[in-house]
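So that you can tell them apart, the chains are marked A, B, C and D in the order they are listed, and the count of residues begins at 1 in each.
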Amino acid sequence: MPIRTEPMTINLGPQHPSTHGVFRLRVTFDGEEILEVEPIFGYLHRGTEKLAEERNYVQIVTLTDRLDYVSSMINNQAYCIGVEKLLGVEVPLRGQYLRTITAELQRIASHLMGIGFFMQDLGTLGTPLMYCFRTRERILDLFEMLCGARVTVSYMRPGGVFADAPEDFWPALARFMEDWETEFGEIEQLILENEIVLMRCRGVSPLPLETAINCSVSGPVLRASGLAWDWRKMDPYDAYDKVEFDVPTATNGDNYDRFWVRIQEIHQSARIIRQCVEQIEPGEVRLKLPLVLRAEPGAEAYGRVEASKGELAFYLVSDGGISPYRCKIRSPSQINLTVTEHLLVGWKLADMIVTLGSLDINMGEVDR
Amino acid sequence: MTVKAMAGQELAERLSQAVQESVERWDTTTVWIDPPRINDVARFLREDPSLDFQFLNSISAVDYIEYFELVYHLTSFERQHTAVVKSRVYGRESLSVPSVYDVWRGADFQEREVWDLMGIHFEGHPNMKRIVLWEGFDGHPLRKDYL
Amino acid sequence: MSCHLAEGNILHDTLMYRVVYDFVCPVLPAWLSYLVAGLAIMIILVNMVLLGAAVFVWAERRLLGRFHNRIGPNRWGPFGLLQPIADLIKLLTKEDLTPANADRITFFAVPIVMVMPVILVLAVVPFAKDTALANLNVGVLYILAVTSLTSVAIFMAGWSSNNRYAMFGAIRGVAVLISYEVPVVLCLLGVVMVAGSMSLSGIVAAQTVPFLLVQPLALFVFLAGTSAELNRTPFDVAEAESELVAGFHIEYSGVKFALIQTAEIGGVLTACAVTATLFLGGWSGPAASYLGWLWFGIKVAIIAFIFVWVRATFPRLRIDQLMALAWKFLLPLSMINLLATTLEVYFLRSDQGVLSTNDLWIMSGINLVVAVTSIALFGILIRDKVRPSKPTIPAGAVAPAALGEVS
Amino acid sequence: MYGLAMAKGMLVTLKNFAKKPFTVQYPEERVKQHPRFRGEEFVWYEERCTGCASCAKFCPLGIIKIVTSPSETAPLQGDKYRLEVFDIDISRCMFCGLCVEACPYDALFMGSGFEQSAYSRKGRVIDIDQLRQAEKLPSTYFRPQLESASYKPQEGQPLDWVDVGRESWRWHEREKAGMRLQPSDASPEAISIGSPDEGRGVVEPVNEEIEEAGTVSAEETT
């Protein structure tokens, strides 16, 4: 005789240690198994798009820092590329290289956070997280050297970066690139092959490629499903067409693949940084633009980059004023959440937390 | 190997052949669609093998006071090209356009966000309710006349 | 007034008890001194658990800090030694909340039911020569019986809190506790068989060769099993903080929370003490007659360090995997151990049924081979199910190959 | 074999157990701050400030409040505006440094502090007197002339206003020569430039003289 069970609805969040911010999931369980799931967000909505309509083009850079606050360099870059497309200008070469270097450093930092919190969701007691933070801390130190801030950097400006790197930045970067391998090797040794990690992640919540594409998923999540699509390759911006790198892909699109793709991307980022440091030459870092910019009335631009979480784009429309008429932010974290229901239904509570961790969302970006 | 933007004229010709009276106007990069035909056009854009726009990058809405413009950024992974499709919705009150939810699931949150912040209702979306603001919020804050 | 303890009393040959009894019996009647001595020892024991828990909290946090490459608590007192006291003061002064819809009596009873078994177990553990509260001749059985009480407490907590997270935690916790009892009991059978005694003092005395060597497989299973019963990573599904926030004790605060924490941490200490007694020779060591306490302390510290080390390293298992581990991996292992030990004891024992030191060495050799081969065998059997086929980076790949050909 | 990677992981944690911690114990020990650090307690040089309020216009949050009154001699002798109010609401400041970037006369600098707390929000509004009296330890953020002189604010050598600029300005010389007159008590109507909205549409001149950077030499100022 089958045991009669009753579904149980739980509100996971907005205050929950592993929803990566103020994210809420209304989940209906049958025992441990998920029957229904509905993502609810908006608890961190700050109206960035509306605020951007009130600020001038340079001031908006400070708003972009606060979108995905663990990868603010890449947000700056996406926005600045949008504005440059709007104005029809091109950044000086050294500025492009500096942007590429900082964006890749930020990608490493962001992926380290992603991996660390993914492991935290798996239930480690903070050890891999602290090792990831150890490396991230050094990247933040480099950022402080560059622009005086660690997290909300505001380093880039439309037309380049605000200032050239100080002289002691380059030896510090070289030192970081030397030590980085061993530090990260330790993390990899600790988690990459760990049997418990494999047991928990292999084959859990697979995302078929068809679904991934139809749900507009981008970034490492899409690449884990098997499509080698990277905007750095396909629509090169800044110095990405001058460097060589591979696009790591996996085939199953399960939790382990998403996590594995992030780890491999960190290696590729390091490769890009090394090439940039070799290729960079002295020169201008910033175009001579007025401090208050104006674009042609009716101009519009879709500035897109491959951010650490996926395709980050700023759709800017100008009416000739000093601030954009419309500034739409295509946030990868939010759109990657479209697949939540597909990924979670039928799996267990513990898997749900891990899957959310493997999507690597950031609420600052989801809610904007 | 990079993506290229699809010319507006080429796209407009293909569209006006396939979906009757769908194209309103076009320029070098963009095609404007008649709002009621959005869903048909979207299905054609995704399913036609030479266009093959499987990936919906984003849906944006811009408030131009007299009309709202919906902007669809599309990408084809296989053909490696992108396109911009727009649609003008005139009026301020009880606006409604067909949803593309059944063509691209990725439109789910974005359409809800457009409804929430701009007040354009999407017909055929299964879960058309506010997304970042709470239920019962008065007005649509991204409109230019919202103070 | 007769002042000596009756022969055959379970308390009569424990040194601790006799010292106190002899001290009070000249002034008090026998029955009262019997009671007073018992109470005095009990107070010492309870305080030992509390103090031990406090020290262990500090040590664990410091050690975890070092494992994480950070400093750990160091603000209160030298090396942060007063940190647990600060924690305690904070917890004691906090508001003690009871949820409105909670089952109040059960809710109130949980901390008490949780702390009790921890203290009860310590009653039979010999800390030094002849120093246990009760030298029970069924000590091992007693420990197993008493620790099973924890599952009742966990279920009471989950049920009475009227919280779904707590209920989840409780269901998981009870499932885990019941499953892991089985391999633990089976592996302890091996120890009992080799020692020929169920009394913990007897087992310590029998360890002319530490059972760590004689019963390596049993030690492995016992450590895994106890860490599951104690809700420690990688088996902490009942209070998985990344999933259930705090699990069964999510609604507890203030004093009750402090008691539950004491029970958990005291439980770890107790487990360390029992492991040290059963497998590392307890208080025995050089000059054990007066340094027994020291040896015992060192052995407990080593086991505790291993517990912390494992906790710092591993992610958590999922509940079904945890069950599979208990029934498909640990249970067979303890069966193998039981079988091997039975055969060895049957063939090696003398006519009086006693094993000599030489026999123990022979056994430890055989058992080491058995342990390594059986663990390796299971490892290879399980491997193909979880080992991934490694994904690869396509060299310079850009084309969306998965979508078909690019025309 | 199954379980080997777990053993390897145990070794990794044990190895790290023996390592020196990478965190520091904050109040006693501090991580190194870099000269460009954007921090609290803005460094403001009254002698250099003309009261143009570029900083206030460029602040994304509008937290700088400047009230100036023209001195009597202003139109004739090119004397600068007199500042009456210069309030920075630090409690809302996000230290983006755009005000420093906007200042055309090198009068405003970021500071390097980060540990000034107060019990009320009002207590975090820095007014003009505090700015005058504060120790002048300017951050080198967006000030390449300080950077090329390898100035380090964290080492605590206060800088005088003559040493921080890119070039000397006319009114500095005049001020030195004692030409500045005290304004009369009945000051004309004060102009308040507070919110960034009022600055809309103003195109500021390009302040990109970075190549010509260098500290002011003694001959120029005397």
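Just so we're on the same page, a residue touches a chain if its C-beta (ideal position, glycine included) is under 8 Å from a C-beta of that chain, and two chains touch if they have at least 3 such contacts.
Note that this is a predicted model, so its numbers are computed, not measured.
Between subunit A and subunit C, the least number of touch steps comes to 1.
Two chain pairs, C-D and A-B, are weighed by contacting C-beta pairs, with A-B ahead. Chain-level centrality, scored on Cα centres against the all-protein Cα centre, points to A. Between the Cα centres of subunit B and subunit C there is a gap of 62 Å. Averaged C-alpha coordinates give centres for subunit A and subunit B that are 25 Å from one another. Rounded to a whole number, the gap between the C-alpha centres of subunit B and subunit D is 46 angstrom. Residue positions 2-3, 6, 9, 12-13, 16, 22 of subunit D are each in touch with at least two other chains. Annotation for subunit A: residues touching 2 or more other chains are 127, 131, 134, 190, 194-196, 227, 229, 233-234. Within subunit B, the positions touching two or more other chains are listed as 1, 77, 80. Across the complex, subunit C meets subunit A through its residues 64, 67-70, 164-165, 168, 233-234, 236-237, 240-245, 311-321, 386-388, 391, 393-403. Across the complex, subunit C is touched by residues 1-4, 6, 9-10, 12-14, 16-17, 19, 21-23, 25 of subunit D. Remark: subunit D residues 2-3, 5-6, 8-9, 12-13, 15-16, 22, 31-39, 58, 60, 94-98, 101-102, 110, 139, 141-142, 144, 147, 196-197, 200-208, 210 touch subunit A in the complex. Across the complex, subunit D is touched by residues 54-56, 58-59, 61-63, 65, 127, 131, 134, 137, 141, 144-149, 152, 154, 162-163, 166, 186, 189-196, 286, 288-292, 294, 321-322 of subunit A. Those residues of subunit B whose C-beta lies close enough to touch subunit A in the complex are 1-3, 54-58, 60-63, 71, 73, 77, 80, 84, 104-110, 117, 130-134, 141-142.
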